[in-house]
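Read from first to last, the chains carry the letters A, B, C, D, E and F; within each, the first residue is number 1.
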Amino acid sequence: MAHAEITLAHGGGGRLTQQLIERVFGPAFRNPALDARHDGAVLNVPAGVRLAFTTDTHVVKPLFFPGGDIGALAVTGTVNDLAMCGARPRWLSAGFVLEEGLPMETLERVVRSMADAARAANVEIVTGDTKVVERGKGDGVYINTAGIGWIEQPGTIGPAAVRPGDAVVLSGDIGRHGMAILAQREGLAFESPIVSDCAPLWPAVEALLAGGIEVHCLRDLTRGGLATALIEIAESARCGIAIDEAKVAVTEPVRGACELLGLDSFYVANEGRCVAFMPAVQADAAQSLLARTAPGGPVVSIGRVSGGPAGQVTLRSVLGVERVLDRLSGEQLPRIC
Amino acid sequence: MAHAEITLAHGGGGRLTQQLIERVFGPAFRNPALDARHDGAVLNVPAGVRLAFTTDTHVVKPLFFPGGDIGALAVTGTVNDLAMCGARPRWLSAGFVLEEGLPMETLERVVRSMADAARAANVEIVTGDTKVVERGKGDGVYINTAGIGWIEQPGTIGPAAVRPGDAVVLSGDIGRHGMAILAQREGLAFESPIVSDCAPLWPAVEALLAGGIEVHCLRDLTRGGLATALIEIAESARCGIAIDEAKVAVTEPVRGACELLGLDSFYVANEGRCVAFMPAVQADAAQSLLARTAPGGPVVSIGRVSGGPAGQVTLRSVLGVERVLDRLSGEQLPRIC
Amino acid sequence: MCLAVPGRILAISGADFFRTARVDFGGIVKEVNLACVPEARLDDYVLVHVGVALSVIDEREAAEVFSYLKQMEELAELAPPPPVDSSPPATPPS
Amino acid sequence: MCLAVPGRILAISGADFFRTARVDFGGIVKEVNLACVPEARLDDYVLVHVGVALSVIDEREAAEVFSYLKQMEELAELAPPPPVDSSPPATPPS
Amino acid sequence: MKFVDEYRDAPAAHQLADAIARRVTRPWTLMEICGGQTHSILKFGIDELLPRAVTLVHGPGCPVCVTPVELIDAAIALAGRPGVVLCSFGDMLRVPGSGSDLLTARARGAEVRTVYSPLDAVALAQREPAREVVFFAVGFETTAPANAMAVLQAHRLKLRNFSLLISHVLVPPAIAAILSAPDNCVQGFLAAGHVCTVMGLEEYHPLAAQFHVPIVATGFEPVDILRGVLDCIEQLESGRAEVTNAYGRVVREAGNPHAQAVMREVFIPCDRNWRGLGVIPHSGLTLREEFASFDALRRFDLAAVATATAGECIAGTILRGRAKPPACAAFGTRCTPEHPLGAPMVSSEGACAAYYRYRARSSP
Amino acid sequence: MKFVDEYRDAPAAHQLADAIARRVTRPWTLMEICGGQTHSILKFGIDELLPRAVTLVHGPGCPVCVTPVELIDAAIALAGRPGVVLCSFGDMLRVPGSGSDLLTARARGAEVRTVYSPLDAVALAQREPAREVVFFAVGFETTAPANAMAVLQAHRLKLRNFSLLISHVLVPPAIAAILSAPDNCVQGFLAAGHVCTVMGLEEYHPLAAQFHVPIVATGFEPVDILRGVLDCIEQLESGRAEVTNAYGRVVREAGNPHAQAVMREVFIPCDRNWRGLGVIPHSGLTLREEFASFDALRRFDLAAVATATAGECIAGTILRGRAKPPACAAFGTRCTPEHPLGAPMVSSEGACAAYYRYRARSSP
């Protein structure tokens, strides 16, 4: 009998660990660096290229959701963080924490999905690690990915490059990923057509760079959503940002779910949306480049970097009134009463 | 009141996540790349340098043990994997999975320890991530580190470079880390003076390379121990390896614990020991270089790469009889009956 | 308190305390208890609070404020501008 | 079956079914039940199986095999080599 | 979304604001009762559309804010008992009790679950007969029918493992208490539209008459709120003090008789301690004797002993409309959503939290 | 380690092997009873030191290997019950029952803990009075005193949440069964030194006499085992069939009377089903009626229904010394430690596992 479930022995470094590597990870991720089966991958970097290096652990529940799964997310999340550095995603590491009892078939599905996502994003998973934890010490599977990307252009993309007057362009509608997940959460579940926006952003970034846009900063709108991304940039860049609520697209079902649960879509996670900062004169050009290359809904210039107090993001409400956008304390709790 | 424990809100991407970064991670790991607070670190690589890239997730229990803790381990494990590629460890990522309810003070201790270990190993933690999982979905803290190292010498160090006749040099006594951990495990606990061997191996590797040793392969003896490391190399290198049991040093307390629980020290994990493969003519030189630079016990040439069947490791027992060394199925279970 | 949201009834089942509807809120669908609105029918909009429908929305009443505004607008076009009072103009801060 | 390991008694406490010793095994120390070896004293070596001491090790008997071997050696030095039998020499395969 | 988007229409809102500005001749102080309305006002910036002469103060209508400390403590204690699952609306989880809150209790091992509806808690009790499911039933009249329905369903299903920890409060006694205070400054009320959906307008007539204040049933969207303000100002400027309905699409004069019947079948009025306001006679609901077995306090033999509120918190003053949150010395410094001193900072509908979230502060 | 290292001395071992080689004049087949000895023999390569004329075959002395499938199934069933913690020695966790094993059961949510000693399970029961602690009491005579002590301690501590799932077996009936088989080939026995430590040598005299076989109480280290072989060969070559003691430092002629007393107070002999060998009369131990409340089978009203063994596994033949593991068609291919078909492949002391681990195989 083949093992139908992960046992502690699969993480013990012995024959079952080897089988897991040979039968599950190897076939899915095959590439020369991984095949060398050494303590790490050996990689060549072209001269003149700088590196971007990033990491994220993915702990999503449920593991499979409309529009993706933890495997796709683990790859996409990290390649997007590289893209946000203006880096061409190249290599990923994958660190699995498997809970004893995880169906082998679940792991295989997740791994296949990672492989597909890696192919789609044109990156290689070159090194990895697997640990198995006792039942009740995990939640099926957690996946850490770290990523290395190549920065081929000379400029620095990041909060430090943001300048007053910069345009803030949003690459699509917001709130899909978080709501696709929430729709499945025990105690709050609802039927919904909402599909996660999980998708790689590098093609869009590459188009901006190739199109001569002087990109100052990029940020994907993951945990904490659009609001948190803008606040973080405003704080790091020590500038103000003013945006216009009416310009931000939210689909009807995402709005419906937000209304029902009393949540604010500005704080809901996305996995295939970003904001881009560039000189205002290039905003139109950037918008049309993004419209052709970015995944998802309407690309809109939603605001400007202002001379306002450092770290302060202001929002013009649909009624035309300005207010500050504040960080939340933690995750949004459904506001029901 | 300051939060005495980690709550889900610390992982929500909001103000508490920010506080965690600013108050716990920031001060401990401070460096320019991390301070940029972007989606990833931007790093310069000197021309002509190749990279090594590796990852490991650390799930050790207890979190603190004689000779180390999960923080020290998370840094040391990854810098050692880089060293085993012949790479100078340079940059680490750190991905935390925190269980709701983790005492803040525990996290702070772990993080300080990581910072100390990083300083000792001369690496920078340049990018990171924190997730909080519900109580009962983790085990205090899991830490993934991915690492990037610089390979400055031209040769390739790895199983593929191993040649028949190569000497196999072991950098110290074995079995300490695994036994230091096991001594604390519920149901098996014993009092012991055994201290984990957790220590960085790069200085020893650097000494070998600087000393002109033609290092063919290096492998640290972590999960699965000496036996598994040798078997993996024999398999990847498609060669045989013959070693001599009597030459392998095991301290008295480690032996005592192994006898008591019916375990085999050859399969017990180490965190500061490695085997090095080099032409036999250089074995003596390598031994004396390692004796000066490697952490831990006696440095001994324990065997040779043989023309034997590919993937087969043979051990000459203390009685002089040869037998094969086999992979274990999973973790060793105490053999009591 | 009392976040309540209007949604359209897609289907009705059960009876008594367990009378239940599938209700559509801008595309998402949730089960809602209809026991307090026995008059609610398919395609009606109901106001839902914590999973219980509290009212059937009166479409005619819903238009009232807009007819009022329209009326006011027409009046304004006929009448002279109102006298200036002591408060600042009701325009949002830019 | 029956993995049992010799260790030295460091301290004794309790009585009856709960008579317990701290026993040293090459430096590591474990609690061991002594109820079956009432004769065991401090510094004695006991043979321990699953946490229970089953025997006090007899130091004199322990030397027996070695005196036997010594004796044999001395005999061998005096006597001529034994006749060769049909079995292969008892040397390990190299 | 139909019946939502129309009422966020900017031109309509500005037209109403203009009408208010035209009508106002002198300063007026209005109180919106409901935390949901406070949230809307701050989020959309409705107060900034109003002429300076109109001041909106924020009432006690956040059930999360007014739940007394002793009941939070009881909820935490229950959640910590082996076998007990405490179910709660999300808002309640961060509200500080005397020593901790439900989120922290959960982090320490107590079993706390967020549900969307009390009926979900009933379903959970049915699904897991071996556990004790306690629903933390907070709320005003709006929520009372749902909580009553949960009891009726559980009773019908013969569940013996379901109970309510009740902190039910009623609006009219609170309005009476506010108006009776010697330092009252509220001149008109925007009544909570969803409370009125259930209860109708009847019980407000005596209040309007006795205290000579206009009371306008008001909805939650910008156009609704502005319409309510305009109605109120109209009355004030013309010297009237009537109960009117500016939320006709859901509020009927008689309310919802079915919902009232369900509520009355299960609950009877009782005295209640309001956090920040103290005990108000006949201001709450409790279970009728027939349903006493669903009362978590009795079932688990818990005494909810009143505890003193933190000295610095002026929640009571704020909930009575005598001050706005920034007037509190602790606001934004010692009291933040991460470390709230009082409930209005912790519920997302609480007035202090709304100001913290939607209004610029001097940086901490 | 004192009393260990000396007995692994290579010159001493070689000297003994030489002595054996000198003494042997014709082929002899000896059986070591104990799995621990099998393990030592394969690990150190002791068999390869012996002259070709001496064949060591491997006996049934691995309690893990001979525990019947139905008891493994019972253990798995118990571990899966809510509130029950099944405690076991590490070796038992991978042994396949009819459908699963304890490790897999744990992965699926059953509560299984590895303990070092049955007394640790008693302590656990004392610490956690709300759980039912079941100890999976497997073992030969060596382990019986410890398991009996656990019962006596639990009885003394008045624990009502502790019980044993018993699979206790005895050596002499197994030797008798092996020798009685018409195809028996075993000419001399290395008796299990630690069993003799408890029981002494007395009960072996009748066996040696009846079947005319030498029986030598033997230890576990290379020098001990070789000394035992030498004694046995000496007897065989000189036509004697006596019970002798080659493990004098721990084995006394009368065994350990205190351990025997503890054992007899708690247990009485019974018939037992041995996995691979079938039922052997009076070959096991069970609880005396006074301690019946500590019997997990009775306490949880479990029937241990005997199930058929997998068709391909020749464990019975191997355990009787009629074949060595590589003779099994499934060995190393369809039967591996990851996917064992029979218990001797799964316990680290099992003969099949020892061969798999320590002897080169054609690669899978």
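In this text, a contact is a pair of C-beta atoms (placed from the backbone, for glycine too) under 8 Å apart; a residue touches a chain by one contact, two chains touch by 3 or more.
All values derive from a computational prediction rather than experimental measurement.
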Neighbouring chains shared between chain C and chain F, ordered by label: A
Both-way neighbours, i.e. chains that touch chain C and touch chain A: E
Identity of the chain that, by mean CA position, is farthest from chain D: C
Comparison of B-E and D-F by number of C-beta pairs in contact, larger one: D-F
Geometric centre distance via CA averages, chain B-chain A, whole Å: 30
Rounded Å distance between chain A and chain E, as computed from the means of their C-alpha atoms: 37
Inter-chain centre distance, chain E versus chain F - centres from mean C-alpha coordinates, in Å: 70
Sites on chain D at which at least two other chains make contact: 1-3, 5, 25-26, 30, 50, 92-93
For chain B, residues contacting two or more additional chains: 7-9, 15-16, 252, 255-256, 259, 262, 319-322, 328-329, 335-337
Set of chain F residues in contact with two or more other chains: 1, 4, 14, 45, 48-49, 62-64, 89, 94, 116, 120, 139, 143, 337-338, 349
Complete list of chain pairs which touch one another: A-B, A-C, A-E, A-F, B-D, B-E, B-F, C-E, D-F
Chain D-facing residues of chain F, complex: 1-4, 6-7, 12, 14-22, 24-26, 34-36, 45, 48-54, 61-64, 89, 116-120, 139-140, 142-143, 145-146, 149, 152-153, 156, 192, 194-195, 197-198, 220, 223-224, 227, 246, 248-252, 256, 258-259, 262, 349
Interfacial residue positions of chain D with respect to chain B in the complex: 1-3, 5, 7, 22, 24-30, 48, 50, 92-94
Chain C - residues contacting chain E, complex: 1-6, 8, 17-18, 25-26, 30, 33, 35-38, 45, 47, 49-52, 54-55, 57-59, 61-62, 64-66, 68-69, 72-73, 82, 85-90, 92-93
Contact footprint of chain E on chain A as seen in their complex: 186-188, 252, 255-256, 259, 261-262, 309, 311-312, 314, 317-324, 326, 328-329, 333-337
Sites on chain A touched by chain C in the complex: 183, 190-194, 251-253, 255-257, 259-260, 262, 316, 319-322, 335-337
